[in-house]
Structures are given as C-alpha cells and as structure tokens.
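Two complexes, one shared chain (chain A), two partners (chain B, chain C).
On to the complex of A and B.
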C-alpha cells in the first residue's frame, strides 16, 4: 500500500457516490424511522429497546444483502460490464486497482449500514426519551421500569451488552450490522469477478441469505439463520456465537474466494 | 474378471476384515442368543443382520479400515501417469469410483462369507426370521414386516453406498489439494464424527447422526431424517462431480463458473419445498392438505411466506438472470430476426408461458414426491379439491408468474439495465411480507393457496388485481416500446 493506492481508494469513493446511490442510501437510512413512525401509535413498548427493535424490524431486513450489494457493488457492476477495467489495467496495476476498489466499497458499505443501525439507536435511546417516550409503557406488560430494564438484558441476542452501557450496545451492534453488510458486499464483489452473469453475481448474497434463512427455520434452528444473525428481533435471546457462526462461514467463503481471485487475477476472463 | 482381480489385489485387506467380521459375527451371535428368551428362535439371517448392522462393527472396524484404505491406496488414483492416460479429472473421478466399487464388492463378499461361517453353527429352526425384541436390528425391521434376509441385503447396500460416497469425497479432495496431511486430517475428522455419534453425542433425528448414513434400520426408526440423509449423500456425490468438473475447467484455463439460474432455482425449490413438506405433513396428513399448507403464502407463517416468495417472485428473478432479450446487443439481434417489437414480445410471451406451465408442474411434482418420500400416503381429495388446485396452480399461479415476469421485463426495458429487474424483485419482496399495510395492494399478498384456506372471497379479488396490474404494465410497456421504435 502506498500513496497511489490510497489515491485509487479515494477515486473509487468519488466514483461510488453517484446520485442514484446517494438517493438509495438516503432511502435505506430513512426506512427504520418511517417504519416506526407508521405504526408506533398503535403499539405499546416495554422500553426503548422495544422501540429500537421495532425500528429495525422493517421489511428491509428481508432484502438486506440486496440493499448492501446495491450500495457497494453497483459501480463495479458497471465497470465490469462496460469493459472499463480492460482499459484501466493498461494504466494501473490490476491487483492494486481491484484491491483499492474492494476496500473502498467495503468501507463505504460499512459506514452506510453502521449509520443504518446507529441513527435509529440514537433516535430510540436518546431522542425518543427527550420527546417524552410516547407509547413506552412497561405497565401494559405488568412490569415496572426497573423490571423492564432487567428484562432487556435477556431479551435479544446482543442485548446483554446493555449491561456494559447503552452506548456500548449501540456502537457494537451498529458495527456488527455494518460488518455483516460489508461481508455481503465482499461476497458480491467476488461473485462479480468470478461469474460471467453479472445480475446473478449481484443476486448471490441475497440468494444465499434468503435460502439459508428458510432452510434454518425449517430445520428448527432459526438462531443460525443469516437473517436472525444480523436482525435478531422476534426471537428469544441466544448466545452471540449462534449469530456469529453462520456469518463467519460466509466470511470464510469470501476469504477463500478472494485468495483464489488474487492468485489468478491476471488470467480472469471478467477482468480482461 | 474385475471382481476376481479386485479380490486378489485386496486379499490382504479382505482377509483382515474377514477375520474381524468372523469375530464380530460370533460375538453378535452370542449376544442375541443370550439376550433372547427360550421361546423365540434366532435365525441365520438374524445373526448376519445384527453383525452388518452393528454400529460398533461399522464405525470401529469397517469405516476405520476403509478410511485407512482410502489414504494408503488413494494416492495411486491421481498418479501422474494415470492422469495422463485418463486425460480429464472427470474421468479420474469416474475411474476411481469404479475401482472403489469393485474393491468394496470384493471385501463385502469376504466379510459376508466370514459372517455366514460364524452364524452357521446356530440351530436353524423352521422360521428363517425371528421374534427378537425391538431393541435388536432384526426386531426393529420385523415390526414393520421386513424380513431379516431383505433387511440384511438393504443394510449391505446402504453401507456400500455410504462408504463409496466417503471414497468419492476423498478422490474429489485429492484432485484439488493433493496433500496427504489434509486427507489424513479429514479421515480422522470423519471417524471422530462417526465414533462420537455412536456414543449418542447427537440427537437421533439430527442430520449429524452418523447412524442415519450407515444404518438401514434408521429408515424404520427415523424415516424423515433417513430420507434427508439419503438426499445428503446424493448431494455430496453431485458436489464431488462438480468439483472434478471445476478442476477440469481450471486446468484448461476456463476458470469461470457456469451456474445456470434455472438450475439454481430448481435446486432451491427442491430443497426448500422438501423441508417445508417435512413440517407440513405432521400438521396436515393428506396430500392435498400438506401441499396447501406448504404453499400457504402470506396467510401462513413467515416461513410459508418466504417459501411462496421463493417459488413465485424467485422464478421471475431467475427469468431476469437468464434472458438477454430486453437489453443489449442480443436484443437488437432478436429484433432484427423477428422484424418488430410486437413479434419479439409475442415470441418471448409464448415461450415464457410454456416455461411457466412446466415450472408449476415441476413445483407440484416436487411437492408430491416429497410427500411420498417423507412417508405420506393419504391421497384423498376434499370436495372440489381438484378444482381448487387447478385454479390455484394454473390460473392464479400462472397469473402471478406472468405478472412478475412482465414486471421485470418492463423494468429492464424502461431503465435499460438488467439490474432494474433485481431491484424490482427486491421491491416486491420488501412490500409484501405479512402484516405490512401497503402489501395488501400487491398480488403476492394473496399468493399461493389462498383458495384452500380463505375461499373464493379472498381469491377472486387477488386474481382480478393480478390481471389489472398485468394489463397496466403491458400498456405502459407498449407505449414505451412504441416511443423507442421511432428512435431506433
């Protein structure tokens, strides 16, 4: 890594920020809040964790990898399709170019989806109490405020982190969501390089996520479903290992794929 | 001839295993004779079945020996001169499988002979089968009316198949890796998994229970899990073949993945629908009830909804991944060939209608096959059941598929990129889960088997909304195409 590599990353980020991607990012970031505001008046929440869960438990969870791939891989999708890379490799080392592009996309996606989880966190844990906590009433569930707080530690996967402080939970969970999105983007990137059918390559992370989630639910292990690994709302609390293990398997596939790509980068047909 | 050569070459292995099998045969014979009451008769086939179905004998003797054999003899399969002679890795895999099969046959004959010798000293009575308790393999089979002789043959065949799958996996790995240390580590892992499974580490119904793969008696005790294990073995064999083909592609510098979208969709539907049938059969015992339950769509649980999404919008996604006629240069070529946009659209529509019909038949066939494989036998239909299915699959179902196909086609034409299809399918999925207010306006909300649960009142508006939405998209597409026609 040298100055020119960082320049490539910077240029990649500049190219990434097209108007339609920015528009899509704005829509993605607003989905949790819109989803919450649409239905909060008819719901009673135990505490602010319930508010947060309701915000993130939007239909976007069903197509989470698709949204991540659209944010992170659209520019590369166009470059591969229009043979832009064929021209670029005459001027730039292809390994540097691809690694810079990959790094830039993964970093941008991580940032977007970190905010996707962190903005609702700030909204539900800081802004909503400042507004008087409308619809938050633990007595509906036969609980006091203290009991609801204790219960929140055992309610969801990762919510035990609330014991270490609200900010710790918010930052760690948002980082987890961002990291998972980054892994899907990395998988989509690898698929775009390895497969000739670009649309199929863009759909691969989504298909893996969707089919694995159904299969895990049908086999009676919903806790290992990729969807519940990142959005564990609606399930009882499980150890974080159950959430991390399936995602780590995807990461492993990604790493193996990228090792293969780096070893054969000069011969790959999609990059020539 | 191959058999004789195999027996001769494997004579050392076969003799060793024969001695062990003889010993185990004597042990099992003693065990069941002492365990049975004086009024029950212990037959010759009972001893054979108890020995070949004994989990300790399978795991600690046969599997251990076979894994050792794979490591010691397997290196010859990928020797350079053999690779040169056979030419491709696919042929290496096929030849390795063929050779391993004959090795297995040779060893099996010697082992069975040894067990027969061990069993023959028993006082044979009139009945060849016995009245042994259900805790024995023979007793478990006799409770479902399978004679010990048939069960013995079944057990030997299953064991042979499972060991062959193990060997094929080793060959496929050797083709890619060619590192003895990795093979040894894999062998130890497989053996540890099987050994820990025999001491009850995994639940009997768990897919990780090794008994499901090596013991035919699991078909009696855990039929659903057994069917899953057979399917898994088939998948492992198919994966080994894919691995060999991938190695050939890499060797010839054709390093690209040839993944057929239609194949992916068929596989996904096969796996997911079979799994859903597994949970629907206990709830609805009849064929009609269980298929209707599995394809309940939005009126069911989240899993049923996800399955419905995979079957219907998923099909449109596959169409978008496979077809090339909406954008790019292939579109121009098709246009020139057909003479007009109208002609091209008619051709695409006629072809896709045919395919959609075949696909719906495939879904019905997979669900029916899964029902029978998983043990369902009640094929009775409720009143108007046939009419309900015909309507749901071939009017409402076909209407849905046509709507989604039209949607992705229109999105591609309108935006000029195939990525638009992916986004439009994503949008449909986002807007259609259960209990989302806006979703009730989408036809997927009333997808699948609504008629079976909600009656005509729920279904007719859904079909009408499908038709309306489809016609609207078709009109918009027509206007767009007319505009483009002038430009081109």
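On to the complex of A and C.
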C-alpha cells in the first residue's frame, strides 16, 4: 500500500457521491425509524431494548444482503459491465486497483450499516426516553423497571452486552451489523469477478442468506440462521457463538475466494 | 317418571350444560390453548370468551414456544384490537390492555415475528377478563 493506493481508495469513495447511491443510503438509514413510528402506538414495550428490536425488525431484515450489495457493489457492477477495467489496467496495476476498490467498498458499506444500527440505537435508548418513553410500560409484562432491565440481559442474542453498559451494547452490536454487511459486499464483489452473469453475481449473497435461513428454520435450528445471526429478533436468547459461527463460515468462503482471485487476477476473463 | 329415565335425562341435561359452558368460556378464568401460528406474521385467532369488565386488561401465560421463537399476542373482538405485547418466550406472561366492552365475545390473536418463515407451536393459557 502506498500513496497511489490510498488515492485509488479515495477516488472509489468519491464515486459514492452519485445521487442514486446517496438516495438509497438515506432510504436504508430511515427505514427502521419509519417502520417503528408506523406501529408503536398499538404496542406495549417492556423497555427501550424492545423499542430498538421493533425498529430493526423492518423489511430490510429480509433483504439485508441485497441492500448491502446495492450500496457497496453497484459501481463495480457498472465498471465490469462497461469493460472499464480493461482500460484501467493499461494505466494502473490491476491488483492495486481491485484491492483499493474492494477495500473502499467494504469500508464504506461497514460505515453505512454501522449507522443503520447505531442511529436507531440512539433513537430508542436516548431520544425515546427524552420524549417520555411513549408505549414503554414494563408493568404490562408484570415487571418493574429494574426487573425489565435484568430481563433485557437475557432476552436477545448480544443483549447480555447491556450488562457492560448501554453504549457498549450499541457500539458493539452496530459494529457487528456493519461487519456482516461488509462481508456480504466482499462476497458480492468476489462473485462479480468470478461469475460472468453479473446480475446473478449481485444476487449471490442474498441467495446464500435466504436459502440458509429457510433451511435452518425448516430443520428446527433457527439459531444458526444467517438472518438471526445479524438480526436476533423474534428469537429467544442464544449464545453469540451461534450467531458468529455461520457468518464466520461465509467470511471463510470470502477469504478463500479472494485468495483465488489474487492468484489468478491477471487471467480472469471479467478483468481483461 | 321412572328412576332409570330420570338418570338418563339428568345425564343428557348435564352434558348440554357442560358443552354450553365450553362454547362461552368465562372470561375471568384462564383457558388453555395449544395452537400453531402461521409463518410471516399471519395471525392465528382462536377462542371465544365473554368479556367480564369493560377495558379490563386480559392476560396470557405462555408455557412454551416451538424452536425457541417468540410470539406476539393481543385481544380481539370483531375488527377492534387490544394493545399488542411482543417477544413472549417460554415461561413468560403479560397482561393484555384493551378497550373492549363487557359482554363482547373476545378472541386471542397470536402472531410470530414478522420474518419467522415457518409455523410455530405455542402452548399456554389466556383470559379476556
């Protein structure tokens, strides 16, 4: 990595300033809050963790990898389709270009999906109490405020982190959501390089996520589903290991794929 | 009337009374259920209890939810719904706030989480109060 590599990363990030990408990011970031405001008045929540869970339990849960890939891979999808890379490799080292492009997309996607989880966290744990905590009533569940706090530690996967502090939970969980989105973008990026059908390549992360989630549910082990690994809502608490293991398997596939890509980069048809 | 006929008549009348009591369950006592909720938050509505007090909160006790999912619950009469309680797991309970009038035939509506892709068995009891 040198100055020109970082310049390539920067140029890649600047391409995010396209209006349709910005519009899509704004929609992604606003979906949890719009989803929550649409239905909170007819619901009783134990505490602010319930509020947070209801926010993130949005339609994006189902199409999470598709949203991540759209945010992170759209520009590269166009470059591969336009044979832009064929021109670039005459001027720039192709390994530097692809690694800078990959790094920039993964980092930017991480940032967007960190905010996707962190903004609702701030809204539900700090802004909502300032508004008087409408619809939050632990007595409906036969609990006091203190009992609800204790219960929250055992309610959801990752919610045990609340024992280390509310901010710790918010930051770590948002970082987890960002990291998982980044892994799906990395997988989509690799698929765009390895597969000739670009549309199918963009759909690969979603297909893996969706089919694995359905299979885990049908087999009676939803705790290993990729969907519950990142959005553990609607399921009782399991050890974080159950969430991390299947996602780590996707990461392993990514790593193996990228090792293969770097070894054969000069010969790959999509990059020539 | 012969003694034998009286006994038969008593049994028949007793049976009718018991079955009539089953159809209109007293809303103040808990009624057991063992239901399977459809996938993707499709509601499962069941039971017929006569509401005893206007706007008095009902109650639900969940004994078990299949495959460690959680379930959401609310009371219903016609197209009027009570407040929904969410995320009930094994061995949990909640009251069910509502504004349903006394004497209304009240039902229980259970739903899975929005993105639960399979049917889920739920065992517990409820009352409309």
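Here, the second predicted complex is superposed on the first by the 272 of 272 C-alpha atoms of A that agree within 3 Å, B and C clash if a C-alpha of one lies under 4 Å from a C-alpha of the other, contacts with A are read in each partner's own complex, and residues count from 1 in each chain.
Everything below uses one rule, namely that a residue touches a chain if its C-beta (ideal position, glycine included) is under 8 Å from a C-beta of that chain, and two chains touch if they have at least 3 such contacts.
None of the values given here were measured: they were computed from a predicted structure.
*Asks:* Please indicate which partner A:42 is in contact with in the superposed arrangement: first for chain B, second for chain C, both, or neither.
*Replies:* Only chain C; A:42 stays clear of chain B.
*Asks:* Please indicate which partner A:155 is in contact with in the superposed arrangement: first for chain B, second for chain C, both, or neither.
*Replies:* In the superposition, A:155 contacts chain C only.
*Asks:* Could you tell me if A:269 is touching chain B, chain C, both of them or neither one (first, second, both, neither)?
*Replies:* Only chain B is touched by A:269; chain C is not.
*Asks:* Between chain B and chain C, whom does A:223 touch in the aligned arrangement: first, second, both, or neither?
*Replies:* The answer is second: A:223 touches chain C but not chain B.
*Asks:* Answer with first, second, both or neither: which of chain B and chain C does A:77 touch in the superposed model?
*Replies:* The first partner, chain B, only.
*Asks:* Once the shared chain is lined up, is A:235 touching chain B (first), chain C (second), both, or neither of them?
*Replies:* Touch partner of A:235: chain C, not chain B.
*Asks:* Which partner chains sit in contact with A:142 here, chain B, chain C, both or neither? Use first/second/both/neither.
*Replies:* second
*Asks:* Check the residue A:50 against both partner chains and state whether it touches chain B (first), chain C (second), both, or neither.
*Replies:* second
*Asks:* Between chain B (first) and chain C (second), which, if any, makes contact with A:213: first, second, both or neither?
*Replies:* A:213 contacts both chain B and chain C.
*Asks:* With the touch criterion stated at the top, can you tell me which chain A residues are shared between the chain B interface and the chain C interface?
*Replies:* Chain A residues touching both partners: 62, 213-214, 217-218.
*Asks:* How about chain C: which of its residues touch chain A in the complex?
*Replies:* Residues of chain C touching chain A: 57, 65, 67-70, 81, 83-87, 89-90, 92-95, 97, 112-118.
*Asks:* What does chain A use to touch chain B in their complex?
*Replies:* Interface residues on chain A, with respect to chain B: 38, 59-60, 62-63, 66-67, 70, 74, 77, 194-200, 202-203, 206-207, 210-211, 213-215, 217-219, 264, 267-270.
*Asks:* List the residues on chain A that touch chain C in their complex, please.
*Replies:* Residues 42-46, 50, 53-54, 57, 61-62, 139-142, 155, 213-214, 217-218, 220-223, 227, 231, 233-236, 238 of chain A touch chain C in their complex.
*Asks:* Give the list of chain B residues in touch with chain A in this complex.
*Replies:* These residues of chain B touch chain A: 207, 253, 255-257, 259, 261, 264, 268, 271-272, 275-276, 278-279, 302-303, 306-307, 309-310, 317, 320-321, 418-419, 421-423, 426, 429-431, 433, 436-437.
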